[in-house]
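Before anything else, here is the set of structures, which you'll find just below.
Below are two complexes that have chain A in common, paired first with chain B and then with chain C.
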Partner chain A sequence: MISLNRASLRYGQILGLSPTTFELPAGGGITGLLGPNGAGKSSLIQLLSGLLPCSSGDVRVLGEEPYRNPAILARIGLVPEGDRFPSGLKGRGWLRMMGELSGLEGPALEAAIEKALGIVGMETRAHLRFNQMSKGMRQRIRLAQALLHDPELLILDEPFNGLDPEARILLMEMLRKLADGGVKIIVSSHILGEIAQLTDRILLLFRGRLLAEGNVAEIRELLDRHPVELRLSAEDARAVARWAVDQGELVGLRLEEGSAILAVRNPRTFLPRMQEAVVAGKLPLTALDPLDLNLDAVFQYLTKDHA
Partner chain B sequence: MPIYAPTLPPRENLDRGSHPIAVLMRFDFGRVMKAKLGIFFGFLFLLILLIQLGSLYLRYLSNTSVAFSGMKDFASQILTQGPEYQADHLGQAVLIPMWFQVALIGGGLVARDTLHRIRPLIYAHPVRPQDYLLAKGGLAALLPFAIQLPFVLIPWAMSLMVAGKNGPIWTTLPLHLIPAALMIAILAGSVTLGASAMAGSPRAGFGWVLGIVLGTFALGGILAGLLKAKAFLAISPVALATAWPQLLCGMKDPFLDWVPTVIGTVAHVSLWIFVAAQRTKPSEAVL
Partner chain C sequence: MSAAVIPTPLQTAKAVFKGYLPRVLQARGWVLAGLPLVPVGIIMLVAIVMKAQGERVPPGLAVEVFHKALAQYFLPIMALVAAPAGIREDIEQRTIPLMLARPATVWALPFGKGLLWYGWGVLWLAFACLGLVAIGGSFEALPRMVGSLASAYWAELAFMTLLGLVFKRGSLWGALYLFVWDRAIWILPGNLQRLTFAHYVENISGTKSSVVNASHMLAQTQVVTPTLVAALVLFLAGCVFWALAGWRLQATPIGLAGADSEG
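Coming up: the complex of A and B.
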């Protein structure tokens, strides 16, 4: 459905995106574009949404080059970053223009507006002017405009920025429903915790480079050379620490009250041995907590490594 | 690995609505119509038109009424005559408020989209940059054209009604002044389009238009005075707009001659359309 083959994007002398290669399969599902500011998320979105041609390489969206390709643009919905609307404008009027730009008109347009407003839960409030709407309501209108023409690919740039927790949850639910309905969704964000809840596939970008691709566990597997932090709780934490040192897998160790924090180089060999030791009664563990097996840790490891 | 939902069924072709140029123009036109400033300028233009019509009727009376025959010589001294009078229908009295009006409205056409970052969203639809430019430029030119048209057609129609083909206004006046209005509209539209494209907000767009219009007029005046060559006034869109009706009505001593007027107009239109095209291309539409 989406493929980049050594696609790069330059803004004059500035490299927005280094030559990048990846492929996203057809069908629904949510893909997260993760990275800090300046990582290249917006550059990648500009390529995918056909706003800019790639400086080198090849971009294919829905099987074709998206740049200035009306046939492809009509199948993509874009929700750009930001929350600035012409203040005097009404939501419905805005949607009408956007629908017309997508080639809708007459009863089909009105039906599409009602359907999109229904999906985002704004049927009764779309008559308001943008300056009378809350930020969450405006974000929902932005999403509705991208849904008007039933896009097969929906691209959202930092959609959670500035939303309150309730609005974020609502937006996540909407996106999940759309993905379940067969829409392919790409969400960019630097809010890692939220993306981890939302996405089933992640593209990790940093300084214009694609660092990793896959789901959280797959990305974690790429990090064998990085240590994983584990908290092993036990009445005799020193004994646990001694056993761990004997295994020769540690790159870090610190003791806290009632627990030992281990930085393990290769958890895939370390954890089975630890399991055997516990079963054999050699390791008096009461609890095991992976401290950094979440997206933030993955992100920090990868970005630290490339900084 | 993630489980993907089935691919959506093929969607029906949506390529059947209005052209994007028409959609964008309609949208901006609707916003212009709702602007409160239109009421003020509408009143101002109506007043100017009434004065023009009053002057026209006075000329008619001085030529035809016995009661006004004593005033004929006096009227001929204070009122412009011949081609000058015909060209005056699109004279400074109309053009100066028109420049303010187009600066206020045209200055915001592109700048508003820049301020609210709407252009990326527009380009994410099947809209080509040239569609966007034509829509904005079309409206920027349509507005001054629509302002000028009543000043040509209403006095002409009134003259025909009250005095037939012997009235104070040439029966062929629209043939002279509608092309002039068109040239002025294209000139004003391209200047406002370029200025608006350079601005980051509608207010800045207004400032840019006034800066270009007044700045070039001042510069042209200085150059023309220093170098004793009136042709240097052609760097000013105001001077060019003043010259077109005079040239097309065949005035003996127009504000500018044909050559500088044509060169100046072509240069301005090309320059400002180029500026607008550069400033509104997709690479400028940063997400």
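Coming up: the complex of A and C.
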């Protein structure tokens, strides 16, 4: 469905996206573009949504080059970053124009507007001017315009920025429903927790480079050489620390009250040994908490490694 | 999934025209509407006062106002006010990517939005010309007055739209052209006069500003272009400028940051 073959994007002298190669298969599902500001997420989105041509390499979306390609643009919905709308227009009127620019007209257009407003829950408030709407409402209208023409691919750039927690949850639910309905969704964010909740596939970008791709577990596989932090709680934390040092897998250790924080080089061998020791009564553990098996930690490791 | 078809250039222009229609009823639209009415309104008041005092309104007053106020100053100001509200506004507000991401015909976008401001401006220019008739202008000359202003506004608005897409300070270059070069028509020799909008306004309206006479130093003999040819030239010039503006937008990659749009 989407393939990049050493595609890069330059803004004059500035490299927005280094030559990048990856493929996303056809079918529904959500793919997260993850990375800090300036990582190249928006550059990648602009290539995929046909806004900018790649500076080198090749971009294929739905089998064709998307830049200024109406046949492909008719199958893509884009929700760009930011809170910008044409001044002085009302939601429904603007949606009508966007629908017409997507080739819809007459009853089909009106039906599409109602359907899209229904999906985003804005049926009763679309008559308002943009400056009378809350940011969350404007975000929903922006999502509605991208859904008018039933796109096969929906691209959202930082859609959660500035939304309150309730609006974020609602937007996530909407995106999940759309993905379940067969829409392929690409969503970018630098908020790691949100992406981790939302996506089943992640592309990790940093400084214009694609660092890793896969789900959280697959990315974690890439990190065998990186330590994993574990909190081992015990009444005698020093005894636990001594045992851990004896295993020869530690790269870091610090003691806190009632617990030892271990940085373990290879958890695949360390954890089974620890389990055996606990069962054998050699290790008086009361609790084990992995501190960094979430996406934040993966991101920290990878970006630190490439910085 | 997607059942959308690709809109034609006409559908694209129509969608933008309709979509932005409410904009003309907002502040900039009323400023545009007021511009041609201001000089005519002032002169109408003066004429009323003169009549009340038993004085005769000078017979050439309407023609003077038409050329010296409307055609020379207020028409270019209207183009300068309306052009930035066209597609340039979407570029500056960074709302253009939303339209460029649709399968619409990119080159038709400037024309669709420009047509809206053209139609609105012509409506008020026509009212202003009616006002000129009320202060003694010839009713027979009304179609030619409206026609000349409408033709010139067509070309000047397209010209300003094009400059706005080519240069970061398009309005400045446009203002220089309209207020310096165009005003120099009476000292321009021969065919150079044909590179001014004022030349065509004079030839379509059938009247000339009294600015040019033999007593002026540097004054040149004013060349003549037949009325229909003059109207055709302005119409075609406008078409060319709209086409170039469309081509410029089509050929310019504009991303979400909008930086690439700047000249």
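Note that the second predicted complex is superposed on the first by the 306 of 307 C-alpha atoms of A that agree within 3 Å, B and C clash if a C-alpha of one lies under 4 Å from a C-alpha of the other, contacts with A are read in each partner's own complex, and residues count from 1 in each chain.
The working rule: a residue touches a chain if its C-beta (ideal position, glycine included) is under 8 Å from a C-beta of that chain, and two chains touch if they have at least 3 such contacts.
Keep in mind the model is a prediction, meaning the values are calculated, not measured.
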{"item": "Clash or fit, chain B versus chain C on superposed chain A", "value": "clash"}
{"item": "Partner chain in contact with A:162 - chain B first, chain C second, else both or neither", "value": "neither"}
{"item": "Which superposed partner A:90 touches (first chain B, second chain C, both, neither)", "value": "second"}
{"item": "Which of chain B and chain C A:42 touches, first, second, both or neither", "value": "both"}
{"item": "Partner chain in contact with A:103 - chain B first, chain C second, else both or neither", "value": "both"}
{"item": "Contacts of A:121 with chain B and chain C, given as first, second, both or neither", "value": "neither"}
{"item": "Chain B versus chain C as contact partner of A:82, first or second or both or neither", "value": "both"}
{"item": "First (chain B), second (chain C), both or neither touched by A:136", "value": "neither"}
{"item": "Touched partner set for A:52, first chain B, second chain C, both or neither", "value": "both"}
{"item": "Touching partner for A:284 - first (chain B), second (chain C), both, neither", "value": "neither"}
{"item": "Residues of chain A contacting chain B in one complex and chain C in the other", "value": "11, 42, 45-46, 49-52, 68, 70-71, 73-76, 78, 80-82, 84-86, 88-89, 93, 97-98, 100-105, 145, 149-150, 152, 157, 182"}
{"item": "List of chain C residues in touch with chain A within their complex", "value": "1-7, 11-12, 14-16, 18-20, 22-23, 26, 89-90, 93-95, 97-106, 250, 253-257, 259-260"}
{"item": "Chain B to chain A touching residues, read off their complex", "value": "1-8, 11, 14-18, 20, 23-24, 27, 30-31, 34, 112, 115-118, 120-128, 282-283, 285-287"}
{"item": "Residues of chain A touching chain C in the complex", "value": "11, 42, 45-46, 49-53, 67-68, 70-71, 73-76, 78, 80-82, 84-90, 93-94, 96-98, 100-105, 108, 142, 145, 149-152, 157, 182"}
{"item": "Residues of chain A that touch chain B when the two form their complex", "value": "11, 25-29, 42, 45-46, 49-52, 68, 70-71, 73-76, 78, 80-82, 84-86, 88-89, 93, 97-98, 100-105, 109, 145, 149-150, 152, 157, 179-183, 200-201, 215"}
